[in-house]
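Both complexes below contain subunit A, partnered by subunit B and then by subunit C.
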Partner chain A sequence: MPRPGFVLDVDRSTPPILFWRGENFSLEKLPAGRSRVIYAPEPLPAIEDVDGAIVHALLHPIDQDPLPALLFPGMKLTIAFDDVSLPLPKMRRPDIRQRIIEAVLDMAAEAGVDDVHIISALALHRRMTEAELRHAVGDRVYDAFAPRGHLYQHDAEDPEALTYLGTTPHGEDVEINKRAAESDLLVYVNINLVAMDGGWKSTATGLSSYKSLRHHHNPETMTHSRSFMDQHRSELHKSNWRMGKVLLDSGVKVFQIETTLNTDTFPSPFNFLSKREWEWSPRDRMTYLGTTKALNRTPHRLARNIFHSIEAPHQMTSVQAGEVEAVHRITTANVYEQQLVEVKGQTDILTMGIPYISPYNVHSILNPILVQVMALGYYFNMYRGAPLVREGGAIIMTHPCRPEFNPVHHPSYIDFFEQVLADTTDPHVMSQKWEKQYAEDEWYKHLYRTSYAYHGVHPFYMWYWGTHAMKHCSRVIVVGGDPKTVRRLGFVPASTMDDALEIASDVVGRAPTITHLHTPPLLVADVSV
Partner chain B sequence: MIRALRIDRRPAKLALARLAGSFGPAGAVRLGPLELSSIDPPALPGTGWHRIRPLLSGICGSDLSLVEGRASTYFLDWVSFPFVPGHEVVGLDENGRRVVIEPVLGHAARDFPLPFPNAAPGDGDDYAHLVGGALEPGIQTGFCCSTGGGWSDELVAHESQIHQLPDELSDERAVLVEPLAGGIHAALSLVPAVARARSRGETPVVAVLGAGTMGLAAILGLRRYLPDVRIVVGARYPHQQTLARAFGADVVVADGELARAVRREVGCHVVGDYLSGGSHATIDAVGNSNSIASSLRFTRPRGTIALLGMPAAVDVDLTGLWHRETAVVGAYTYGTETMPDGTRRRTFHLAIETAVDAPVDKLLSATYRLEDYEDALSHASTAGRRGAVKIAFDLRSPDSRRTQEAS
Partner chain C sequence: MARDDAPWKPSRLAALGRIGDLVENVTRPAMTRVVRRGFPYTAPTVPRGVEVPAEEERLGASYDTEWARRAPARFVRRGLVNGPIRWMVRSVASPSVYGTDRLSDPARRDDPPALIFAPNHHSHLDTALMATAVPEPWRSKLVVAAAADYFFDKRWKATLASLSLNAIPIDREVTGRKSSEMIKALVEDGWSLVIYPEGGRSPDGWGQDFKGGAAYLSSRTGAPVVPVFIDGTGSIFGKGAKRPRAGTTKVVFGRPLTAADGENTRRFSARIEAAVTALGDESLTDYWTARRRAARGESPRLTGPEYTGWRRQWALSERRALGTAGVRRRQKRRWPDLG
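What follows is the complex of A and B.
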């Protein structure tokens, strides 16, 4: 029986606590008597018969007819799936998406459906490489569909491939992939890594265009999403749900398939990452020491490649299919079951170790903008109820925060860093002053459509994710980060954790309470105030 | 007898300076061909010549390249040794008038007919006069053994070179007139390229690479005389970036970010290392292999690059220049300019106006006594990273300096 999440009160006997530092780790001693560490629940048991569970879900959907009943000869069937941003790290083969798509295709073949398109729902993310597509959908599906042009990637800048469905009562434009909208059935294959994923966000975001996305990917919406992991208090989700209603009213028929994973995130050599430090075995200690010392001597590019080659052992804990909202309610409950940890009260300082990876740098560099989104967009928002850190408190993160960018994946990020952040770090100001220029830049569009680049506007969205945290916290400190880069982000550099605590004392006093969000694995703090 | 810093033609010393210069400027100055000497003042070469007592005399990049043995051998036939460097001169004539020297030793100074009526010293398209007439060879005062130069107590200047200064122009501003003229000349050399952009209904974009004295002077020239151009500047040091903004640049970035800044400004693509389009014109105020190669990458096809920084031998792949039909034009000094409205103005007159009006006070960063020339040249050679712009010799007597400061 896996143990639930746990909040440790740090005392004098508590060993140093593990922090990610990009492609490395460190152990940090937190002050006794006023610090606590939040540990995630242990991984839930996986479903043993994954293929059986998938077929069962397709045959016994929630609030919808079984999938075979929705399939008929001559119909247009479109299968859309989550892109390379999920899961993290990439899962061992076979990927869940492959298993689900193969099951759907088997049923489609039995029903005589031969007009099938498979679309990567990447919104404004970068296109997936052939290797990444093969990893996600499997070689059999890839070889059967890609050469004929029936397996492809959503292109949010192709006006011929988009269709405008109308507006929500709030005046939000709804424009999505034309093939998906005009199909007799749109099957969406989702992996729900965190509670933010899935639901109408799958289709209303994943298959949409800038014209639609700008209505919810903006500072105003982000400020009023508290948090992204709590759908009912998230303006981001409310907007997506309104757009979902437009999809339904326009006749788009969606069969949603959602899955959840357990938090078995890293393979056995990295067991120590997920363990509670006082439970580390001598072998764990040796592995930690050996790993960190080796990584200290490894060029960080090589270290990055090593980490990105890791395939996670995480396994499926649930699969449910049917009507979007009904399915998502169950999915969210399952995610919470795996990730929720009860926490009493807020803290003055929230500490976090930022890893090498985010949804937006698979096989790439976690550049400074993405460091920001991991800290202020994701980790800060890993709460339900109230933020872990009190209003006016401080965030301390550990990451080298080097001024490095992948020019293929993140070309507009470089300009954003050089031009926009040099001008302002205020999300509201930059959205008014700079966003349009980046969103409409022809070169960025060209790279998004033909290369492997995130859309020109994407770094703005990453910055907007942090809007609430920026407003909420009075100081953000980066331990071990490149000072010039950290300052460009509007944060404060510190050499050590002790220095960071000293710097934070300006805003939280000399004896602040400290809470460390221990990752991996991911968790959501259920904060009661 | 007068004090003078003098360069003689001593190849061994030049080679030693070049070698020592690779370890830092101080060694190059100490071991190089420059010497502080006590010499006879230069003789007046003829009628129309006047004795000038320098008050302030600037140190230019071209001076440094000579002192440090980095200059091209091209100049060996256009100068005469031994010469006293210093061509950025504000001084007093025999009548006590404050003047600046337009240093080019042009047709009038050498008793040649002017190439056209009222031509400036720098005008004309045949340089034979620069090595002929009553003077020894020399492109400018400060490179000619007949005239002396500004790094001394006295020089001689022809009346065609002399510009009387308005009273309101301080010595510290006046010593900037010559480099300002160079920058303005580079800016105005882009009038045809800017006009072509305008004729297509485009907002002209001019990139400036480098923001030392000359780059900053070019920015001032662009902003004053081509006011509707968008100026995008790449400057290495923070104080240069601050000054570039103060002088009217629209976009200022670190030098390594200039290509991306130009792309953002014009909205073109990137193909390999080159922009698909780029700036309509570029002023390269650095003048080395890297800066020329960079300028070729971000200047649009059929655009113009004005080479303001003095280059020596460079190693540049010119395939892009050939393919893009880029025009590379030198921007050496000054003369008579054709303004955007078609009128003709002397560059030095424009530069004096600019020195009076523009916020150039912060450009003169430090002055040294002539005796402290090693420190002065070392400072000038590392001006950028030491937060400085222009370094000059102060040849004023303590009394006159105090009077000037008080006024």
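What follows is the complex of A and C.
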């Protein structure tokens, strides 16, 4: 029986705690008597007969007819699936998306459906490479559909491939992929790694355009999403749900398939990353020492390649299909069952170790803007109820925060860092002054459509993710980060954890309470004040 | 002594003959002494009127292969499979293996179940191909059902087949009680099995109807059947070929199948055949085309068209032209376009 999440009160006998530092780790001693560490629940048992569970979900959907009853000869069927940003790290083959798509195709073949398109729902993310597509949908599906041009990636800048469906009562434009909108059935294949994923966000965001996205990817919406992991208190989700209603009213028929994964994040040599430090075996200790010492002497690029080659042993804990909202309610409950940890009270200082990966740098560099989004956009928002850190508190993160960018994947990030952040770090100001220019830049559009670049406006969205945290916290400190880069982000650099605590004492006093988020594996703190 | 000016030299045969004479001269006196001493140094003579009961047949289906599953033989076999056999398969058959992801669920289990692999059969190469293509953890505990009347009719053949490929003897036509009992015991002991449901190599390049052996053994042992399609070995070293002609091959693994409740052996066997047929279609076309044709019952049959004679061979060459597996052909020499 897996153990639930755990909140450790640090005392004098507590060993130093593991902090991620990009492509490396460190052990940090937290002050006894006023620190606590939140550990993720252990991985829930996986479904043994995955294919059987998928077929059962398709034949017994929630609030919708079984999939075979929705399929008929001569129909237009579109299957959309989550892009390379999920899951993290990438899962071992076969990917769940492949299994589900194959099961759907089996049923479509039985029903005599010929016209099938498979679309990667990547919104304004970069296009996936052939290897990434093959990993997600499998060689069989790729070889059958890609050469015919029936497996492709959503293009949010192709006016020919988009359909305008109308506006929500709040005046939000709804524009989505034309093929998906005009199909007799849209089957969406989702992976719910965190509670934020899935639901109407899959279609209303994944298959939409800048015209739609700007209504919920803006500083206002982000500030009022408390948190992204709590759908009912997230303005981002409310906007997506309103757009979903427009989709339904326009006659788009969606069959949603959602899956949840357990938190089995790292393969066996790296078991210690998921363990509680006092339970490390001699082998774990040796692995930690060997790994950190080796990584200290490894060139960054090689270390990055090593880490990005990790394939997680994630396994599926649930699969449900049917009507979008009904399915998503169950999915969210299942995500919470795996990730929720009860935490009492807020803290003065929230500490976090930022790992090498985020949804936006798979096979790429975690550049300084993505470090920001991981800390203030994701980890700060891993709560339900109230933020882990009190208003006016401080965030301390560990990451080298080098001024390194991938020019293929993140071209607009480079200009954003040099031009926009040099001018302002205020999300509201930059959205007024700079966003349009980047969003409509023809060169960025060209790179997004033909290369493997994130859309020109994407770094703005990344910065907006942190709006709430920036407003909520009075200081953000980066331990071990490149000082010049950290200052450009508007944060404070520190050499050591002790220095960081000393710097934070300006705003939280001499004996602040400290909470460390021991993640990954992912967890959501259920904070009661 | 040959003359220096002779137009010929003493052959090697003659040299061997002289060595034989030498050996005979040395051993003959010793053998003569042994024969003179008689029983028990020689075989006993049989008294008149006494009938000696026939010794139990130790070859064919009765050949005991237990020794080949003991540690020393397994050690030798591992070296053979990962060394010369793999090298030979790579150089002669250049296999591309697909569909092993379909076995990922049982592979991840702490105690992976034994499986029965059921490929189509065109060549002796198929067994060597399977011995190297089957994924772990099954590869290291794999036995191959081989025709008792062909591979186990002589002791040297039986020994070689058992040691190198862990072959076990099985009757082609009917899976006898003894064979099925032995296989059941092996499966319970965690050994997986390769069995060719067609019962033998294809005589003309087309497949043959599946016999019920794989389905029957699966029902008896509870081990799932993995349909496997092998393409290309028939062109490389088909039945009747004198020597292999290097080429490329494809091995496609399907999803494990188990008999449904109340499904008899014949129906289950038909389902296995249909699965292998669909994999064959998948290997020539693509997954989606194959699935649609299978759903419509229009998958091209492995057994080929009903008609006989040259049209059947003609259809076979057309089918082979569709795929990429088969004998390597030299690229045509390209001359520059001189306008």
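Convention: the second predicted complex is superposed on the first by the 529 of 529 C-alpha atoms of A that agree within 3 Å, B and C clash if a C-alpha of one lies under 4 Å from a C-alpha of the other, contacts with A are read in each partner's own complex, and residues count from 1 in each chain.
Just so we're on the same page, a residue touches a chain if its C-beta (ideal position, glycine included) is under 8 Å from a C-beta of that chain, and two chains touch if they have at least 3 such contacts.
Everything quoted here is computed from the prediction, not taken from an experiment.
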**Prompt:** Which partner does A:249 contact after superposing on A: first (subunit B), second (subunit C), both, neither?
**Reply:** neither
**Message:** A:441 in the overlay: touching subunit B, subunit C, both, or neither? Say first, second, both or neither.
**Reply:** first
**If touched residues of subunit A are counted for subunit B and for subunit C, the larger one** = C
**Asked** So, A:502: does it touch subunit B (first), subunit C (second), both, or neither?
**Response** neither
**Message:** Quick check for you: in the superposed arrangement, does A:63 touch first (subunit B), second (subunit C), both or neither?
**Reply:** neither
**Request:** Applying the touch criterion given at the start, work out whether A:423 contacts subunit B, subunit C, both or neither, answering first, second, both or neither.
**Result:** neither
**Asked** If you stack the two complexes on chain A, which partner ends up touching A:182: first (subunit B), second (subunit C), both, or neither?
**Response** neither
**Request:** State whether A:391 touches subunit B only (first), subunit C only (second), both chains, or neither.
**Result:** neither
**Item:** In the complex, subunit B residues that touch subunit A
**Value:** 253-254, 257, 260-261, 263-264, 267-270
**Request:** Flag every residue of subunit A that touches subunit C in the complex, lowest number first.
**Result:** 48-51, 92-94, 98, 102, 105-106, 109-112, 114, 116, 138-141, 143-145, 315
**Prompt:** For subunit A, which residues count as touching subunit B in their complex?
**Reply:** 411, 414-415, 418-419, 422, 437, 441-443, 446
**Fill in**
Per the touch rule above, subunit C residues touching subunit A in the complex are 98-99, 101-102, 104-105, 108-109, 255, 282, 286-289, 291-292, 294-296
